[in-house]
C-alpha cells in the first residue's frame, strides 16, 4: 500500500510545476521552490543529501550524523527523537528532513516549519528514498537511480566474489546486547541474504526481535557478528562458551565506523555489505577468501 | 515540626505574595535559558527568529511547566487528603502506567503504516496518554468495586499500575525504536509543550481547582476519621467519586503534555505543610503553586546543567524532590519526631 | 422539628440487626430513648454497645429501623441528620496539626454549606463549646501538642459545637483524670437540663449511674432498660457483670463496689 502511495506521489509531482510530495507519514508537502537551507535529523538522510551533491545546502544536522566529515561542524541538533528545537528555529531552515520519529515531526510542523518525514527500512525502500530526495533537491532523478543501481551492483559483486557453499553459512547478527538481533526482514537481514548466508533468526520473529539467547545456543551459528554496541565478553553468556563460533573465534566485532554503515539504511549500504562480506570471507570458509584479489 | 518556626495563618497573604513573586522570577529565568542563550531574549524585539524562539518555544514550555507542575502539586494534595496518606502521589490510582501503555501502543501504530498514523495524528500521543490515564483509573474503580473502601482503592491502583506497567514494557520491547521513544516519554520533558497544550492544562487546572475547593471541607472533616466525618453529614461517596475524577483528569492532562514526572505531586504538599499550617482549601491552592515552581525550577536546571544539551526533567525532579524528602526526614530525626 | 405528633422519644429503634461477617453484633434490638434525658448504655465487652450507638447515629445498620423524633433516618438528608445528632466516637484521632479552634470549628460543618465562611454565630458556638470543657485558653495551640486528656476534651468540645438536640458519646471519659471526669458528668447534666438528649456508652459504672436511664446490654441484646434509681435496674446491672459488683447508696449517690 505504501509503495503505491509513494509511486503516485512521485508520478504526480513530476507532472506539475510546484512540487508536491507525500512524505512517509502520509502528509502532503508542497515545495514552491527547491529548499536552500535544509536541516537533516537522520544520518542516512544527511549522507544521501551529500551523495546527491547537495551537501552545501545543509545548515544543520542531528548529533548522530557523522558522514561526510564536513557535516560534523554543525551536527549539534540533538537526536531525531529529541531535537534541539531552539537551535533548529535559530537556523531558519526552509525544510526539515526527519525520520519516522512520531512526536518531533508534529511539533516542528506546529511551529510553522516545513517538515518532510522519510526513512528507509528495506532495500527496496531505498530506491524511493533516494528518488524522493532527488525530487525535493531538484536534482535529476536519474542521479538517484544511478546511485541506487550502483549500490545494488556493488552488493551483487560482493555476493559473486564469495564462494557458494552448501549448506549455507549460518550467521547470527546482534544489533544490541539486550539482545536484539537482525531478522531476515530487516535490511541487515536482506544484506545477509544477498551475500548468500543463512540467518539463524526465523522470519516470523520480525525485523529486530528481542530474542532468547537460548535460540543462539540451539542454532549454533558458524559466525557471530556483533555491532559495536555489544560487549565482547561472549563467554560469560550462559551456554555460549560451547558455541563453535566462540570456540573457533569466528566472531566479528565491528568497529564504530563499520557499525555505522551496516546499521544505517542509507546510501552507504554497500560499504556495510562489504564489511559483512569481509567478515564472511575471513571466517565463513574452510580457507579464508581474499576478496581483493578475486 | 515545631510550630513556632512556621508561618502563622495570619501571615498567609505574605506567603502567597512571596510564592507568586518567586514564580515570576522563575518564569523570567525560564524564558532566558535555552540552547541559543540569553541573547535570544535580549534580541527579542529586533530579531523575528528570536521572537519565534521565545514565543513559540521558551514561553510555552515554561508556562507549560508551571501548569503541569500546578496540576501535579494540586493533585498530590488532594490524593494525600483523600486517602489520608502522606505518601500518596497523583499517580496512585494507576494513571501513570495507563498513560505509558497507551503511549506505547500509539508509538507502535505510528511507526507502521502512514494511514494508521494519520488518524493518530489527530489524537496524537498526547491524546493517547490522556485516554490511557483515564482508562486506568476507571479500571481501578471497577476492580475496587466502587469508592467505598479506601484501602481497596489503593490496592486496586497498585494492581492496575503493575499490570499496565508490564504491558507497556511488553509493547516497548517489541522494537528498539519504540523502546527508545518510550524511555524518552517516561523520563519527562517539557520540550513538546505547545500553546494549545497550555490552554488545555489551564482549563483543566481551573475547573479542578474550583471542584476541589468546594470539596475541601470534606477533606478537612476526613482528618477526624471516616466515621466522624460521616456523622458530620459529609457525603464521602460522592466526594470520592468527584475527587477521583479530578485526579484522573489532572494527571491525564499533565502526563499527556510532559510525560511522567515523579516527585512533584508527592513533595509539593509536604513543602507547603512544612512552611505553614493551613486547611485543605489553602493547601490545595498553595500546593499547586509549589508544584508549579518545583517543575519549572527543575526544567530550568535541566536546560542549564549540561547546556547546550538537555537532561530529562524527570531526573531533576527526582533529585530535587528526593533530596528534599531526605532532608525532611533527617530534620525530623534530629528533632526526635518523624513526620 | 419533623413530623406532626410531638414525640416523647428522641430515638426509636425497631427490630434492628447488625452483623459483622458471620457474627451478629446486634440481634433484634427494639428500644426507645427518652427525650431530654441522659441514657447510659452499659454491659460487658463485646456486648454491642458501640454498635448500638452507631446504629442510633445512622452510621451503621439499616436506617429504616431507626426513627429520630418520629422520622425514619432513611428519610432524612445527611445534612439534616448531622444537625440533629452529634456523635463522639471511641478513641477518636485526628491527622495533621490543626489548632484546637480549627478542630472544634469542624463541628460546625453540618451548618455550613459549600462556600460559606463561618459566621459570627458559628464562632460563638465554638467559643462556648471550648469554654464548657475549660479549653478556651488553648484555642490557638496545635492539636498534636496536647496531652491525651486535653485532646479528649477538645473532641468533646467538637461534638458540643454541633449544637445538636441529641448527643451520642462513646466512652467520652477515656483519658480524662478524675476532676475532668467529674466536669464532664456535670456538663452532661447541664445539657440535659437545657433539654438535650444525651446517650453515652460508659465503662465507668459509677458515672454511668449518674444518668437518668440505663440500658443494660449483653451479647448483642438489650437485657433491661429502666430508670437508674429503681432497684430492679441496679440488680440487672450487677447481674450483667456476673455479680462481681455491688451497687450501694451512699451520701445520696450511688456507688459501685467490687466484690
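Letters are used for the chains, namely A, B and C, taken in the order the chains are written, and counting of residues starts over at 1 for each.
The rule we apply is simple: a contact is a pair of C-beta atoms (placed from the backbone, for glycine too) under 8 Å apart; a residue touches a chain by one contact, two chains touch by 3 or more.
The model shown is predicted, which means the values in this text are computed figures rather than measured ones.
Novice: Give the identifier of the chain nearest to the protein's overall CA centre, each chain being represented by its own CA mean.
Specialist: Central by C-alpha mean position: chain B.
Novice: Considering only mean CA positions as chain centres, point out the chain farthest from chain C.
Specialist: Using the mean of the C-alpha atoms as each chain's centre, the farthest one from chain C is A.
Novice: In angstrom, rounded to a whole number, how far apart do the mean CA points of chain A and chain C lie?
Specialist: 80
Novice: Between chain B and chain C, what is the separation of their C-alpha centroids in Å?
Specialist: Centre-to-centre distance between chain B and chain C: 44 Å.
Novice: List the centre-to-centre spacing of chain A and chain B in whole Å, with centres computed as mean CA coordinates.
Specialist: Roughly 39 Å separates the two chain centres.
Novice: Provide the residue numbers of chain B that touch chain A in the complex, in ascending order.
Specialist: 34-36, 40, 49-50, 52-53, 56-58, 106-107, 110-111, 113-115, 117-118, 121, 124-125, 173-177, 180-181, 184, 189, 191-192, 194, 308-310
Novice: Which chain A residues qualify as touching chain B in the complex?
Specialist: Residues of chain A touching chain B: 1-2, 5, 24-26, 76, 78, 81-82, 84-87, 89-90, 92, 100-104, 106-107, 110-112, 175-176, 178, 180, 206-208, 210.
Novice: Under the stated contact criterion, what part of chain B meets chain C in this complex?
Specialist: 1, 3, 84, 213-214, 217, 220-221, 223-225, 227-228, 230-235, 277, 279
Novice: Okay, in this complex, where on chain C does chain B touch?
Specialist: My answer: residues 54, 57, 59, 78-79, 81-83, 85-87, 89, 92-99, 102-103, 106-107, 109-110, 112, 114-115, 142, 145, 158, 162.
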